[in-house]
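Below, chain A partners chain B and then partners chain C, in two separate complexes.
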Partner chain A sequence: MQAVQRFFRQSLLSYRALFGWLDPKVYILVMVLSPLSQLLFFSVLVNYVYSGEGLVGYIGANALILCVLNSVFGIMSIITSDRYMGTFQHVMASPVNKAGLFLSRSIAHVLNGLFTSIIGFIFGMMIFQISIAPDAILLLVGVWMVSIFSACGLGLIIGCFCLWTPSMNLIGNILASSLLLLSGANYPQSIMPVWLVHFADFIPLTRGVELTKQILNEGNYSNVFALLGEEFVLGVCFFIISFLFIKYAEYLSRVRGTMDLD
Partner chain B sequence: MMRALFQTIRVHMGISMARPMFQFIIWASPLFLATIAIFIYSSASPERIFHYVILGSGFMALWSSIVFSSASDINRERFYGTLEIIFVSPIPFAVILIGKIIGNTIWGFLSMVLSFVYLVFIFRVDITIPNPFTFLLAIIFVLFSLTVFSFFLSLAFTLSRQAEALMNFIEYPIYLVCGFMFPVAILPIWVQPISYLLPPTWAIELLRQVSTENSNNVALHSSVLGLLAVTLVYIVLGIICYRAVEKKARIYGKLGVY
Partner chain C sequence: MSTINNNIINVSQVKRTYKTEVGIIKKKKKEVDALKGLSFSVNKGEIFGLLGPNGAGKTTMIKILTTMLTPSSGEVSVLGLNPVTDAKKLRPHINFILGGERNLYWRLSAYDNLAYFSDLYKIPRSEQHGRIQDLLELVGLQDVAHQRVETFSKGMKQRLQIARGLVNNPEILFLDEPSIGLDPVSARKLREIIRQLNDNGTTILLTTHYMFEADELCDRIAFIDKGELIEVDSPQNIKQKTNNVSVVEFSVIGIEATKIQEFTHHPDIHHVQFEQQEFLTKVKLHTTDPQGAVPIIYENMKGAIIQDLSITKPSLEDVYVQLIGGKVS
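The block that comes next holds the complex of A and B.
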């Protein structure tokens, strides 16, 4: 029980440490208004191009994509901010279980991503005056939670790259743009070349976006468990890979003494 | 003075490109934006593809280069601790700032060209410009206008305490309000006056007009006049902000601190 409490306390403290020093105005501009403006831009665009066809699905898909801010940049900051502040060595040298530590730090970002997506979706529904079936709500939250968990796994892998490269903004932005492009949030996936569709199968959020469109546009719940299971397995694989990366980085830093260096 | 301007352009272009984020904005972002745009407009007519995909994604690339460099360059100098040194150098601060902005705008323009080339070669998109010379003149006018707008933004951001947050925030709102990928006419009526207060709206409108076969002369003239008028307004606003920054530096001594 104490271990569980410590797990969630660590999660909360890590998150507060990240945003506690920021001005609330900055938080609102970057974490709320900026994602909402992205959602609004793509929603207006697809509404114009597709003449409103499948709009609710596209708004839902774009709302889910907003989690990228947390699942890529937020998760990356778990490692980069420690390294920047010179505390990464202490974290790695402590006897605590690293997998549990980084997983607990990720939880807050999964929840924050879910919160951002929900706020985005409510905002989109209000602007375009649309509604959804009540039975879709819980299912949608479940789909989004698993999808964001999976995206956070990939974000943590990318975060490990900061142990080898100083170009984290470049890598983070490429990942965020790739997720927007490959997930098919703004067009049917059938438009993409076949090789790109196959590649997208190994990317988080692709299945979440597909399920969001199926649930909201067609009321089709038949693929939920199969696709969600795949997304969850993908997320678990990403987290396992990221822990292996951290282990390897830890080993390298012990051998070379370069944990806080590039 | 001109030598200082050209040297600033040359040096700043090198410094900007050394930043990984700017490399993403110039080399990678246009390709992502262009691909997303062409997928969305995949079944549209060639004219719509030219207006909203080629020009739209090219303009988004140009705008991103302005937002993530010109608008934040002074703030970056402040962070490096070099702002005061630049300010008191014998070359007027405005010349150095304009040099930086021109350097970024050249990168932004190259990024726009990269987006055009990518769409033409990879997606086989047709580009038909009825009068290339007029189009070239329009591009030069547009780049001048955006340089003026960047000058204003750069100084306005210097006066703000939230320059970095604003820099991260204003990218999508401008894509939206200025109608980079769709006509401004589809936006709510109350948004449209805001759109027409911003040079990018008139700039992209002008490029769409000059690239339309049998374009309406009245619409073309109104785009030229509109862009000219807002450019003049932003020149005045830029001068006002410049004086405010100067006052902050010379009277309050708060140039390098918030």
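The block that comes next holds the complex of A and C.
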């Protein structure tokens, strides 16, 4: 029980300590207004292109994509901010289980990403005056939660790159736009080149976007468990890879002496 | 000073080599020996100072002792454990503090910083509150416990770092230049805290560039330079080793540096130290014959104005400069 409480305390305190956009003004600008304008732009665009066909699914998919603010930039701050503040080496030299610690740090961003996506979706529904079936709500929240978890896993891998390169904003922007491009949030995946579709299978949010469209447009829940299971496994794999990166960085610092964690 | 019992840190013939590659296409391997067979031990309950110029290997040694770096060769034992193979067992019993303002979460309050690090050291929640209150009181931050660290002065941040380093009640505390950049009042407060910790039984290993600080705090001192041990003993004994040496100190106006360096040719002058300031040059001569040195000074400095001439016993800094700095510094 102590360990569970500690897990969530670390999650909350890390979030407050490391996430640079927590200032209310900055939070509203970056985490609310900016995502809402992005959602509005793509929703108007798909509404025009597809003449309103499948609009609710596209709004839902675009709302899910808003989570990249947390699952890319927020997660990156878990390592970049820690390093910037000079606390990373203290964390690494403490007796705490590192995998558990970085997982706990990620949980707050999963929840924050979910919050941003829900706000975006409510905003989209209000603007376009659409509604969804009540029984889809909980399922959608579950799908989004797992999808955002998976995206956070990839974000943490990218965050580890800050141990090797200072160009993190560039890498973060490339990842964010890749997720927007490959997930199929604004067009059917079938119009993408085949090789890109295969590549998208290994990218988070792809299955989440597909499920969101199926649930909201078709009321089709039949693929939920299969696709969600794959998305979850993908997320777990991403987290394992990121922990291996952190372990490797620790090895380089401790044994080879070629990396300074400070 | 505390009672000294037994060795708590043993360092034997420790070497650390950094291997780097230079160039992109034609890579050249470069090796830098940061430590070249360093050996010393620290007794339980003492304050041990590791002193040396920049690049001497002090931080490398601290990193090895705190499990953050492995030695290339040699033996290290901390609390009877090997920091390389027993890092997980050792980490709960030690802690370290690095100088400077960083190493804290500035967006959190002092209390939350300590709570966070307490969790990292798996301190049970039931013990955390009381311990954090005690630590904040120890470092004089109890009144600002719930203020964000970003509002703190440099001295307050340094003191909070000390508290952070004590969350797990470590048996050994490693301090790497803890008073760097502090004003005299804050530095004195920090020294008081270090002494208080030591009185309570914490063994302390510290590095510093401030000789008076080492002289005031340390039971024993190791001078290291270029990865090698130069001297290890108590400050008193180190100073006594130069018992027959006196320091002739004076200020001079209107003289070239080369003229001052000429003092090194005199057989009874063992070390010449000078610092050029805006209008004058401060000179220190280490000599076994101070009475003989004074006429030589006036003879060599003909035409120059000599002020504030005095003869004193060497301070720890004088000994350090003599040992590390060669004939002239």
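By our rule, the second predicted complex is superposed on the first by the 251 of 262 C-alpha atoms of A that agree within 3 Å, B and C clash if a C-alpha of one lies under 4 Å from a C-alpha of the other, contacts with A are read in each partner's own complex, and residues count from 1 in each chain.
FYI, a residue touches a chain if its C-beta (ideal position, glycine included) is under 8 Å from a C-beta of that chain, and two chains touch if they have at least 3 such contacts.
Bear in mind that the values here come from a model prediction, so they are computed numbers and not experimental data.
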| item | value |
| --- | --- |
| Contacts of A:46 with chain B and chain C, given as first, second, both or neither | first |
| Which superposed partner A:247 touches (first chain B, second chain C, both, neither) | neither |
| Which superposed partner A:174 touches (first chain B, second chain C, both, neither) | first |
| Touched partner set for A:93, first chain B, second chain C, both or neither | second |
| Which of chain B and chain C A:192 touches, first, second, both or neither | first |
| Touching partner for A:29 - first (chain B), second (chain C), both, neither | first |
| A:37 touches, of chain B and chain C: first, second, both or neither? | first |
| Set intersection of chain A contacts, chain C complex versus chain B complex | none |
| Chain A-touching residues of chain C, taken from the complex the two chains share | 16, 18-20, 66-70, 88, 91-92, 96, 98, 100, 102-108, 112, 115-117, 119-122, 124-125, 164 |
| Residue numbers on chain B that touch chain A, as the complex places them | 20-21, 23-24, 28-29, 32, 35-36, 39-42, 44, 162, 164-166, 168-169, 171-173, 175-176, 181-183, 186-187 |
| Chain A residues touching chain C - in the complex, by the definition given at the top | 2, 5-6, 9-10, 13-14, 16-18, 22, 85-87, 89-96, 101, 253-258, 261-262 |
| Contacting residues of chain A [partner chain B, same complex] | 23, 25-26, 29-30, 33-34, 37-38, 40-41, 44-46, 48-49, 166-170, 173-174, 177-178, 180-181, 186-187, 191-192 |
